[in-house]
Every structure is written in C-alpha cells, then in structure tokens.
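As written, the chain order gives the labels A, B, C, D and E, with residue 1 at the start of each chain.
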Amino acid sequence: MQELITRAKELLENGTVARVLGWKIGDLPYNPEPAFFETAESLDKFVYNGFCGANLSKYMIEASKLEGKTLVCLKPCDTYSFNQLLTEHRVDRDKAYIIGVGCKGKLDVEKIKKTGIKGIVSISGAEADSACDTLEIDTLYGKKSCAYGDAMLERCHVCKGKEHKIYDELIGESRDTADKERFAEVEMIEAMSPEEKFAFFQKELSKCIRCNACRNVCPACSCRKCVFDSNKFDSAQKANVDSFEEKMFHIIRAFHVAGRCTDCGECSRVCPQGIPLHLFNRKFIKDIDELYGDYTAGAEAGSLAPLTDFKMDDAEPSIVNERG
Amino acid sequence: MSVNNEFKPKIVAFCCNWCSYAGADLAGSSRLAYPADVKIIRVPCSCRVNPMFILRAFEKGADGVIICGCHPGDCHYSTGNYYARRRMTLLFSMLDYIGVEKGRARVEWVSAAEGVKFADTMNSFVSKIKDLGENVRLGDIRCKN
Amino acid sequence: MQRIGVFVCHCGSNIAATVDVKKVVEVIRSEPGVVHAEDYQYMCSEAGQERIAIAVKEHKLTGIVVCSCSPRMHETTFRKAAERAGLNPYMVEIANIREHCSWIHKDINEGTEKAVILARAAVAKVNLNTPLYPGESRVTKRALVIGGGIAGIQTALDIADAGYEVDIVEKTPSIGGIMSQLDKTFPTLDCSACILTPKMVDAAAHEKIKLYTYSEVEKVSGFVGDFTVDIRKKARYVDADKCTGCGLCQEKCPSKKTPSEFNRGLGNRSAIYTPFAQAIPNVPVIDTDACIKFKTGKCGLCQKVCAAGAIDYTQKDEIVTEKYGAIVVATGFDTIKLDNYDEYAYNQSKDVITSLELERVMNAAGPTHGHLERLSDGKAPKEIVFIQCVGSRCSDDRGKPYCSKICCMYTAKHAMLIRDKYPDVNVTVFYIDVRTPGKNFDEFYRRAVEQYGVNYVKGQVGKVIPQPNGKLLVQGSDLLDNKQILKEADMVVLATAIEPNKDVRKIATMLTASIDTNNFLTEAHAKLRPVESPTAGIFLSGVCQGPKDIPETVSQAGAAAIKVVGLLAKDKLMTNPCTAHADELLCNGCSTCANVCPYGAISYEDKQVNDHGIRETRRIAVVNNALCQGCGACTVACPSGAMDLQGFSNRQILAEVDAICR
Amino acid sequence: MKYSYYPGCTLKNKAKDLDVYARRSAKALGFELEEIENWQCCGGVYPLGSDEIATKLSSVRALNDAKEKGQALVTLCSACHHVIKRVNDDMKNCDDVRERANNYLKLDAPYKGETEVLHFLEVLRDKIGFDELKKRVVNPLTGKKIGAYYGCLLLRPSGVMAFDNAENPSIIEDFIRAIGATPVIYPYRNECCGGYISLKEKDMAKSMCEKICESASGFGAQMLITACPLCMYNLNKSTDNNLPVYYFTELLAEALGVKEESEA
Amino acid sequence: MTTEKKQAELIREISGVEPLKCMKCGKCSATCPAYNEMDIKPHQFVSYVANENIEALVNSKSLWKCLSCFACIERCPRNVQPGKLIDAARQIVLRQKGGDYLKDEEIPELLDEELPQQLLVSAYRRYKR
C-alpha cells in the first residue's frame, strides 16, 4: 500500500495526473469507500486492503469529463469493467492512468458477522501487502479469528483470474482465490423443478426494497437515465405508475446488461437485503457461453457483444424447452 | 354469450409486417380457423420486439406470448430475426430459470406464403397454453401484493 | 388528448357476417379519446371515404381508427383519405377485423368480442400517434435486370424503349435463356429461335441497354431509388473488343469432350466455346476446367490461330460497381434433377429423356441435327411414351408440390410435331389431368388427339422397365378402362417438373426479397401486385415468381417494366417516415445500436446538449432517415431506451399490449 | 469390432447357409457377431396398423439388448432387418408406440430407438468398406455374371429403411464387384417375389418370380444372389436351375477363402 | 353413425392414412405387382374408404392378394400409402371372430420340404389373428 501511495504522490506532483481515484479510510475498520484525492496530503487517508471491494471503473465515467488525467486503481476484475466501458465509449482511455493493483481476495464483513463475531473493533490480516490466511479480530468481547477464505466475497471464490486486462503499470502482489465452480449455483437452480425455482426467486425477490443500490453500483448500468426512470416505456393506460417495473425490474435489468455484464459481483455485494442478484447475470453468461461460444465481457476492448452478433445457425428459442 | 367457464387464454402474437403478418392475412383469406384468443400486434420486424413488451404482456395478464418473424435468412431487413432469435432464446431461458412454465412464450418463423403454418402454429400454441392453464407466476414474481 | 373517430366497415357480409358491427361501434364509443364512431357498408368506397372526411370536420378529429381489412390492403387508401380531410396520414391506424377476425371465426359473439379488443388496441395506439412527415430521397434513373432470358430481355427492352438506361446481368456467356434451347413454341408452333433471336439482337443493339454476360451480381446495398450493386464480370479470357466471332478457336480447340450445357449434356462442346450459334455476344469464353492450357500450361492453340489476337489467358475477374433505382429479378428456371425418380429409369437408360432434352433432339442445331432418334443406338423410334407430372404435384419429399403449368401444352406440342413429321410413330401420353387454360390452348390439345391421333391415357406410370432387347416396357395405369397397361416403347419422354433457378435464393437474400418454400419469389400481393416484390424497388419477371409459359412471361415482363418506368419517372421518392430516432438526452453514445443496424444508418456525433441545465458535449447517435428502413433492431439493442421507432414506438406497442390484455 | 447379431428363426433352420457363411466371413474380415441371448422371432412381417404394439415387442427387446451392450445390431435376413429397423424407427419417432412399448416392457431404462440397426451388407459397405473387402478377397469370382436380387424388404419404404436408392440400388452390385465378379443390372431386381403369398397362391408367386428370372437371364445373369430365405424359396420354385440362386454370404465366404473351413 | 361410416373411420385410424390426400393419379395401380389378381384395384382402395364403401372392400379378393411389398407406398406422389389402407381393411376382418383367412386344417397340405419358417410366420401374421 505504501508503494502505491508513494507512486500516486509522485504522479500527482509531476503533473502526470490531476487526481487519484482510490479508497478512503471509513468510519469502521471494514468500510473503506471510493474517493478522489486531489493533493498529496489528502492521500494520508488513502487505504487499500481486503475490504476495498468497490469497483472504481464506473467512477471513471464522470472522471473522464474532468480536466486532466485521473489515476485510477483497478483490481484485476475491475479492469474487465473498464474495458467494457471503453467498448461502449463511456470512458476515455486518455483521461485514465491505470494502476493495476494486486488482489488477494476481497472480504465481506457480513460473512465474518455470520460466523458469530460481533462488536468488531479492529481487524488485522486484511492488509493488501501482508494478507494472512487468518484474520485476527479484536472485538468488544475479546479476540476472535476467522479464516480469510471464509470471509471472502462469493465472487472471489469464482474469480476469473488475477490478470489485469488493461493498465499503465502494476503494483502489488495477487493471490489465486478461485476455489469454487463458477456456475455451480446456477446449475443447482437449473436442476430444480419449476415450482422450486419459482419459490426460490419469489422468496429472494420479495425482499427487494427498490433502493437501486444494485443499479447505482453496476458498471454496466451506466445509462445517463435509466429506462425505469424515463417515460419511454410508459403508456397512457397505465393505472399504477410503477407496478410494471417493480415486478420485472431485476429480470429486465439483467437482460439489459446481458452480454455486457463482467460478472464483477458488485450488485450482490451492495444489496442491503442480501439478494443474490448475480445469479441472474451469471445465468445469462452461462447461456451465452453454452449457446454462442465462450464470451467474457471486457476481456478485450472493442469486442462485439453476443446480443449484437449472430450466427446463421444459432439455436432456435425452442432449445429452452429441450434443455433440462 | 357462452356460459361455460372454459379457460379462455389471453394470447398476444407479435407478427412482423413482411412475413408473419402477411402469413396471418393469408390464413384469414384462406379461411383457416384458429382460436379467437389470439390477438395480433403488427411490428415491422421480429427484432422490434423488446423483451419488455413480452414481460409487460405477461404482467398484464397474458397467458401466452408468441413472436412470429420471417424465416432465418429471409428477413426483410436481412438480419433482424437473427438478433430476435438470440434475444428471445436468452429471455425464454431466463423465464424458465425463474420457474415460469416452459412454452408460455414461443418464437415461430412463418413466411408470407405460409397461411397454413400460421393457423397450425396458432392452434398448437393455444392448445399448449390451455394445457398450461392460467399464467399466475408472471403476474407478480415478487408477490408483494 | 386526441379526438379519435372510429369507422367500422361491414365489408358487405365479409365482416358483418361474423362480427356484430353495430355493437363494436357502440362499445368503442366509450374508449378514452373516442369522440365519434360509425359503421358503413364499404369504408374503402368513395362514399365511405367521404364519411371519414365529413366526420373529421364535424367532430374535429385528430386521429382515426378504421376497423376493416388488413392494413396491407387499404392502409394507404385510408391514409390518403385522412390527408385529403386535412389530417396527417400517419394519424390513421387500422384494426384488422377481417383477415384476423371475421374470416377465421364462426361464432358471432366470439368475433365481435375480438373485434372490439382489436379496435381498442388500435385506439390505444392512435392516442399516442404523432404526425409524421416523410423525407425525400433521390432516384437513380437506371434499372438492373438480373437474368437474360426472354423475361429479362423483354423487361429490359420495354424499360429502354421508355427512355431509361437498363443493364442486364446474365450468368452464362450469352443471353437467350431457356427459350433459346427450345425448338418450337406453343400454341402456334413458331420456331423459337426465329422469334427470340431478333429480340436478342434488339437488346444488344439498343443504345439504352448494356449487357453484362458471363457476369453475376455479387453484392447489393441501398434501397429503392438508390441501390448500389457490385457485378462480377467473370474472366472470359477473350477480349470482347478484339474478337471477330470467326469461330476458328473453337474449331481448332483440341479439348472437345465437355458436355454442352446448351444441349443439356446430350452433345459435347470445346473448352473455348460460344454456347450456340446465335449467341449474343458472339464472343467465346474459355472453360478453365476443360482447357488444356489452364490445366497443364501446354497447348495455347486458340491463341495461335486467333488472327485478331483476342485470346488473353491473363484476364482476371473484374468487379464493376453501378447505381440503380430499380432491380428486376428474372432469373428463370431449370428442370429438377431426376435422381429421386429412378422408377422412370432416367439414369438407367439413354432412351428415357426429359422434354427439354427432346427439344434439343428435335432441333436442327441439336445433337442429332433434328432427327428424331434413340440416343442409345441412333435408331428411329416407332413407339414413344410421354409421362406427365414427373416430379410435379408431388407432396412427398421427392418432388415439387405445385403444377409446373407448361408441361401439358409442350407435351401436346411434342406429340403433334412428332406425329406430323413421322406419321408412322405412335405416341402415347400418360396423364393425370390435362390442364389447358389459355387462349387457343385446349383447341391445341384437342388437335393433338383428334387430328394427329395422339393416344392419351388417363393414369400415371408406375415403372419404366428396360428390356434386354433395348426396348422400354412402360407399366402404367389406364384408370378409365381400369387396366394396368404394359406398353413396349422405344423412347420415353418425361415431363419433368420445373423449379426456380438454383441461384435465386442467394439473389433474394442479397435483395432482401422474400421467397416461398418452393424458392419462388413472393409477390407483394398475389392478385393486385403480381410483379412487385414486397421489398420496395424490387420487381419480378418470369418464372422466378411462379411457373408460366412464354406468352405469360412476356406479359409479366412488360408489366414489370412499366412498374420500373413508373418508379424511374419520379425525380424524388417519399421515404418512409417510420424511422428510428435517438433521444439526445437519453443516448449514452455506446454504439450498441450501430452494431445491429443492417443499413449502416446510425452514426455518432459529438453534440452540445442541454440536459436540464447541464451543458456538455456528448457522443450521440444520429439516424440517417434516408438509410433507415425502420426495422427497429436498434430500439431493442439500446439499453437506455433512447432509441425509438416512429410509428411503432415503445409506448404505442405497450399501449396495444395493455389494451389486449385488459 | 463386435456387433450384436440377430439371426432370426429361418437362419437357425432352413437358411443355415446364410448364417454360417456370414459368421465365417465376419471372422475373416475381423469383426464378431455376438448372438443376442434369448432372441424371439421378429414375426416375419412388420405390423402396419398404427395401433399394433404386442407384435413389435420382440424387436424392441432385441434392440434394447444391443443398446445395453453398447453395440450396433446386425441382421442378415431381409425380413428380420425390415421389421427390426422399422420398429426401431417407431421407437425413435413415434411417441405413442414408444410410450406403450416401454409401459409393457418395464426395462431398466426406457428404450428410445438408440440402437443402430445394420444389415450385414451395410456393415460391409459402411464399416468395412467395399474397397477394403476387395483387398481381402483371396479367391476372386472373376468372370461370374451375377444378378443381385434385392426384393422389397431391404429397400422399401426408403424413408425408414434408408438402405439404398429404392428404385436403382447399387449396394449388392458394388458387393459383387468387390468379390471380383461382374454385376448384371436388370430392372426387376427390386420387384416383389411374391413373399408370403406363396403359401396359398403358389401360381401367383411363380409367375412373379418367372418375370424376375427372365429379366435377369435376359440381361445375361448366370446366377442370382439374395439376402432373404423367402425370396430364395420363391425364386427356386420358378427357376429350372438355369439360374441358380445363392445367399450372398456363400459367395462372400468363397471369395474370402473360408467357405470350406470347418466350424471351429 | 352407420356401420360403414364407423368402419371407414376405423380404417383411417388403424392405417393412419388420409384418403383425401389422393389426387387420383393411379400410380399405385400402375405399380402394383399383384394388380391382375385384384378385383378392387389399389387406387380404388383409397376411393372406397373415402366413399365409405367398406362392405365391398372387406369382402374383396384383393384383401388377400396384396403382397405388402410397399411399392405403392414408395411411389405414391401424395404420400397416401394405399398399402396401409388395405392392411387396415384386412385387420378389420381378422379382428372379427372367424375372420382368419388361413385355417389351421389347410396348413399341412401347403407345406413342403424347403419351405422356410419365415414364410409360415409371415403368412400367419397377415392371414390370422
């Protein structure tokens, strides 16, 4: 982390970049938040540790409009999102100075809390440079510990790899964290009966409070104005103004990002109700891979998304009835 | 009016202007009967059909939605139905994934010359929807009401 | 709020028999926006249209719904009526209560209920309609005809005579098509070459006609009035400007064993060849698959003997790009392959031939110099059997489900010609039905029976059995005598089904013209627009649209020509205003829409926008209205809903959905 | 290579030659015919009625047996081949038959037409290859002019049997060429010999076979070969030994030099 | 419903044949090797069923002359399959009591040395219930 701060100061001072986009220490030991740093001094508040899960690529949309370059810290998975935004002309490559930061897996405090640990005062072992296999946690009730892997976000268990797809320079070590089958959860649902599937999603979706956290954090949901907020799909007869969107919001959102979603997992990370929203996106990814050939959004800037492409002998929609 | 309470499904058919709508016209001028439950909406091309239209229909109480377009390779706009095919395949797969019965939504390719196919398709689709019964799940997946 | 008038048509009893029209009027009155509703016997009649005009004035209507036949029939009629009454024509919507309702439902309650719902959907849509204004596009005053048979030649001549430039693209080395292979023509027995050759010469000599022979259409882009076409001129290896057509090269060519396409494979041709004596242009081509020079590098005899120095082995294919305002498809037909019909022993015996092969046999320039003889042993036949409907009217998967239309007549012609020239030859025709609708056609067939003594037997043949003595035993039905006949014949002639030229599918795809399950091009309306494709600017001439004989082909060629002339006579075309349009404030500039646009109609501009006080430069999608054809692919690809289609907007379609599901 | 083998009743009795020579030839060509255990008679004719089910079950059992072994099922007798191939097609494509047959049989896993049904000639053509067969011939039957007699059952209906061009077949002619002889093509080679009609209508079958033999001789055939015991029987009844009829397997064994080999 | 109408429907059902597909070309009769032995000809099987003339059909000689050689089925241009119709008519007879065309007592005299089992089995299936 120190190397990162030193380098950032250097770039700020020599005028290469006008600001730094990174994470700032939060009010609790586990909630750093995305922040812009304009001066070398302000970087004292900069932090990069296991809790810096937030994907900063979406902030580059606004940063691209600002004067001068922005230094942006991107984890390997964040670079996919950045590439995808580049493909869609939403960010300006020339306005970004990308430092690819190492990643040893990002942590989810909810998972720690789920192990029964309460009253967290401080956590050690989550530092970017010296990430350990076990987290030592000081609590109001004494010292506790938790295996790093057990505290990791779901998405890190199914990590696409620790290779940065786009960067100007790299700082920091990474550690392989993938130890689960990416599509296992999706397959589990696919194997359910229609009744079970419906019950599962009905239960999950009825938790939704339409806070829009998923939409706001999603790097693919970068529309200037969301269709759900415009009157384009409105109609004169509509009695209850928002009933339609309410009911179909997550399905439509998933469809809108299908083929563009990099599976960064931010939607599930930020959902205050803990809805596994990534299960929608990942289903589309699995279908696309199976039906149209493997495709990873953002692996390469400028690639043609599966839904803007076709083959003459693509499967017919009836294949859905034939499968499973 | 009929007094029996036989299930009368609501079925929305999106037909592309160039092939399937004309196929439906041909079915009509050939007097090939299919159930009145089917109501056709004319769109320029199957690629005009937004998944939101389909979800909206279901949400508003449609029991089945069918999208008809030119045969692949014969699209009036060259490639429209190829895009529609991918979109609908993914959408239908998603519907299946969330537990909506298979077969509530369908895509069929019907050319302007295929009046018989149009009528056959509608007959088979209506009978499929009758088998599935009323659409309750898509009415409200969140079931908050 | 719109002020909508609803007009419900009885269409005589076509609608009124199964839809309670009065009830539709009554129910629809209470729909939001509807201020007037009425019914009338025939809305499309002048009186009907007048009622619309009166209602527009009386009720200050802003929108109109006509509940009638398919919009494909009368949408234009009613739009024009609205325009005359001072409304924007795009404020009209049609509820199709005939083809989609009254004609397919028997129960009047059911029909009425559905008609009401269809009317409601149309009203819901009109509530959201906005006036639309067509743009203009230019017309390139030049036409392209694809195919140089009699259909293509006649179309080109008629267009050229009206004063417009026209190009013919013909795949083979010469124009002339199948008609040039025929010996005589029905129903007057004219010599085919005698009536065709002058037309070929006229076409070649016409100052407005340009021939691209031995050429193929490679790529088509653009739209009505403004097509851009790439034509591949295949290398002839003979310089057309230098060649004098003396024919010496063909005479000296040592490779003479290639089956002649013109003679249907019954005779051979040289590697350098003109397909037939009257070929136009009279310039040979080198078949590189047969040419010794191309295969081994040795030979070069043709180059040596050519006094004009026209042979050029280094010639390459050439791509010519031309602009056209209209395109006529005249790709014609071929006979089907008979591999699925080996019970007729076509592949097993040389003496079983197709009717088109018989044309070559009967022709003085053919493989037997016009002598009727068996191809196996050259002997004169004494018994000839004709079998009708070989591959036609077959709904199994071996043949074609349609009637080929020309066989009954040409078989009568063949039978008559043979009986006339060789009175000692017996002719038997096995037929299922004899179909002779056409002027002087049935008389012609009856002459074959009554005057020439041709033996017509009602019944199909089951098998042709080659005999050790070289004869052919024909085992067929005589359904009138209820007998199975065994007839020993010397020759059997098969009235082989015809099918559209194999290349038509490729061409139709390039033109985005629709094609039916039998590969015939679809017409815009089976009765009222028979020579137009549903794709604007594409016209149909000849058998590519459906089986037809020469007189019919020539009439259709003329009809297609006048349609082309009608188009080329305009200086500007109104463009379809139902095009896509991007909302500047919603557009992300993400390029997703451009990726799916088949016409390259979407480009991006950096535009200054004012988004509720925020002024900034944004990358925005811009649609070229002349290029956009209104498919709507972009509207669904657009994640933000910025892209919408005029006339079929998201809100309009959703309003229809809601009205139907209500 | 190992195939499941369905001999059928007649090959165990009156048509032993067809069977014995086939087994010897197979061995010489390097493939094995593993006879299905407890096979039951196919019934001789395919039941045409769409409601027939019981009469199809013995075929399904044989087919399922082969499926369980993961082998293709090879037949020799034209009638068995016809019945089994068509029942297999029903099991694959006809929902009603499949459902009912499986209900009756209660197999471990429902049979859905998975087994590939091959006639011995198809094994020679598609698996061994006639070019390869030609190489294996040690005793070519050079100079013999042989007419192939196909009959009906191997060829028709061609949609289901998919054996060869039903009106102008070539598989047996190619076979004849492979064993070094000269095929004689004659138009009656796919006409019916009379089939089962010969039990009660002997004259009718005789006149039909006479036509066949006359045509074959007329085109110069010195002998006929067939794959069907019933065709053999009918043809033999009407030919006065000018035109002997053999099973194709006998000539195959002869060409491969294994005809006289004792069964070891 | 008359008996003949019922029987006609039964024949359609058993055979799976739609006689209305026939275009009356006569190719079946032109093809049939047993034509001369038949009193009702193959193309007439189709029209007899279409016209519900079943009594005559089930009493015809033709029922027992059809060889099931499938030539008519193979060559029919409209996929009508007359051979299946005649078999269905035969089934109607056989499924009635005493409808067997082959009586057990007549079998011994029909046999000879070479006669293959296949022949007996096949004839049983076609002639007997």
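Assume contacts are C-beta pairs under 8 Å (C-beta built on N, C-alpha and C of every residue); 3 or more make two chains touch, one makes a residue touch a chain.
The structure displayed is predicted, hence computed values, not measured ones.
Any chain that touches subunit B and also touches subunit E is listed here: C.
Distances between chain centres, each the mean of the C-alpha atoms, put D farthest from subunit B. Using CA-based centroids throughout, the chain positioned farthest away from subunit C is A.
Counting C-beta pairs in contact across D-E and across A-C shows that the higher total falls to D-E.
Averaged C-alpha coordinates give centres for subunit A and subunit C that are 54 Å from one another. A separation of 45 Å divides the Cα centre of subunit C from that of subunit E.
Between subunit A and subunit B the centroid-to-centroid distance comes to 36 Å (mean Cα coordinates, whole Å).
Averaged C-alpha coordinates put the centre of subunit A at 73 Å from the centre of subunit E. Each of residues 71 in subunit E touches at least two other chains. Residue positions 227, 233, 307-309 of subunit A each touch two or more of the other chains.
In subunit B, the residues that touch at least two other chains are 51-52, 56, 73, 79, 83, 87.
Checking each pair of chains for touch leaves A-B, A-C, B-C, C-D, C-E, D-E. Considering their complex, residues 65, 87-90, 222-227, 230-238, 256-257, 260, 304-305, 307-309 of subunit A touch subunit C. Against subunit C, in their complex, subunit B makes its touches with residues 1-2, 10, 12, 18-19, 21-22, 24-25, 27-29, 31-34, 36, 39-45, 47-53, 56-57, 60-62, 70, 73-80, 83, 87, 111-114, 119.
Residue ranges on subunit C touching subunit D, taken from their complex, read 339, 341-343, 345, 347-348, 397, 463, 465-469. Within the complex formed with subunit D, the subunit E residues making contact are 13-16, 33-34, 37, 64-65, 67-71, 73-74, 83-84, 87-88, 91, 101-102, 110, 114-127. On the side of subunit D, the complex with subunit C involves touching residues 159, 165-168, 185, 187-188, 215, 218-220.
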